[in-house]
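What follows is chain A paired twice: with chain B in the first complex and chain C in the second.
Take a look at the complex of A and B:
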């Protein structure tokens, strides 16, 4: 009976050790997955918003551009902003305008996506 | 006879449960990581494609600006030809490369003193190949 108890204890200890190692590996994997998913989701939203802003600029609808977004990518006030759309005009020739459109994360202090964009403002019309 | 009351397998129940739980955890974490990596790769590809498209778009806009200048000044026509703009009557057309598979085809119709863009289309320059492969885990070659 004594021999059985000691065997059970050894087995328990080995099981606990293996379980702890597996837990560590799995948790690390889940954390990495979560971080990757969040980054991918943010990049996806940033690209869509930058693209939409570029097209709005081309259609000369500058007034309808939203500059501040919360952590769920809904438009919000400047104070609650988690992401900020930065629109910088870099060069302006006669009818050709150059600008840089980027999405900046306030909390992580990094640029998520940036796009150099040029558009004409002359007598363009589309058929 | 008393020995048979405690079969040897009775000792391994903890090990068996542990193996089952650990396997489940490892399988789920691997699947989650694979999905996240695929999602991330797909999003990066999408972002790269948008950047490539807008680079071609910017070059096309520069050429549109040149065409606008040409409407004001006759000397610009030689510049247009140098830039690879094809001129046919009142229609100017050019192609900008997006990547090795796609190009941006633009056609502009001149309606003095203005102009209108009649085509702004992404066209495929290489044959489309269906990708039927499924990568469960990215293998670095």
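Take a look at the complex of A and C:
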């Protein structure tokens, strides 16, 4: 009886060990997939916001640009900002302006998306 | 011969281990199910926001000629009109569906006649100095028309 009982115990322990290893690998994959999904979502929002900002710059509506966003990509105050839109003018000729528009993540301290953009003031030609 | 003595723990311990194993298995399955659920709902949300915005902006760029793009109100609904030669394309949200209708100028139609594009919870648009801003399901995108002067 004792022999059978200890055999069952060893069998269970081995099964539990194998399960724990598989569990560890699976959880790692789950965490990675979750993080990739969040990154893709953030990139999607960042691209839309940067492209819209570029259009707003071209329309010379700098006042209507929102610079601060919370973790759900809603506009917010500077103090609550999770993502920040950064506008840097890199070159400026008479009417041709060159600037860099990027979205920076405050929490992860990394740039999510960046766009070099050239536009003309006083006109809105794409040429 | 020495007599082996049975203890309750001999039976209890394997049972506890088995229960632990079952609990862990259920936790991992429920965790994976919730992660999968979250990711599919995220993907669907992105699809429902991005697709109509990309579609409308592309349509605006296709029809970007001076005076050809405007926002009108019909049946108390905002309607984007894209004029192209003798025809006009109308894009609008009607009963939670983004619809499109292309019809010859001066021919009357009702909003219900449009062809369905995609489901939308909310849709609004505004135009300011030739900068068109479209908001679909709380996500906005702007496009400046080329024909702006």
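Just so it is clear, the second predicted complex is superposed on the first by the 121 of 127 C-alpha atoms of A that agree within 3 Å, B and C clash if a C-alpha of one lies under 4 Å from a C-alpha of the other, contacts with A are read in each partner's own complex, and residues count from 1 in each chain.
Keep this in mind: contacts are C-beta pairs under 8 Å (C-beta built on N, C-alpha and C of every residue); 3 or more make two chains touch, one makes a residue touch a chain.
Everything numeric in this text was worked out from a predicted model, so none of it was measured.
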item: Side-by-side fit of chain B and chain C on chain A, or clash; value: fit
item: Between chain B and chain C, more extensive residue contact with chain A; value: B
item: First (chain B), second (chain C), both or neither touched by A:13; value: second
item: Which superposed partner A:115 touches (first chain B, second chain C, both, neither); value: first
item: Partner chain in contact with A:23 - chain B first, chain C second, else both or neither; value: both
item: Which of chain B and chain C A:105 touches, first, second, both or neither; value: neither
item: Partner chain in contact with A:43 - chain B first, chain C second, else both or neither; value: first
item: First (chain B), second (chain C), both or neither touched by A:71; value: neither
item: Partner chain in contact with A:94 - chain B first, chain C second, else both or neither; value: first
item: Partner chain in contact with A:52 - chain B first, chain C second, else both or neither; value: second
item: Distance of closest approach, chain C and chain B, by C-alpha atoms in Å; value: 5
item: Residues on chain A lying within both footprints (that of chain B and that of chain C); value: 8, 12, 15, 19, 23, 26, 30, 33-34, 37, 41, 44, 51, 124-126
item: Complex interface listing, chain A residues touching chain C; value: 1-2, 5, 8-9, 12-13, 15-16, 19-20, 23, 26-27, 30, 33-34, 37, 41, 44-45, 48, 51-52, 55-56, 58-61, 64, 73-74, 124-126
item: Contacting residues of chain B [partner chain A, same complex]; value: 6, 11-12, 14-15, 18, 21-22, 25-26, 28-30, 32-33, 35-37, 39-40, 42-44, 46-47, 50-51, 54-55, 57-58, 61-62, 64-65, 68-69, 109, 113-118, 120
item: Residue ranges of chain A touching chain B (in the complex, touch as defined); value: 4, 7-8, 11-12, 14-15, 18-19, 22-23, 25-26, 29-30, 32-34, 36-37, 39-41, 43-44, 47, 50-51, 54, 93-96, 113, 115-120, 122-127
item: Contacting residues of chain C [partner chain A, same complex]; value: 4, 6, 10-11, 13-14, 17-18, 20-21, 24-25, 28, 31-32, 35, 38-39, 42-43, 46, 50, 53, 128-131, 133, 138-144, 146, 148-149
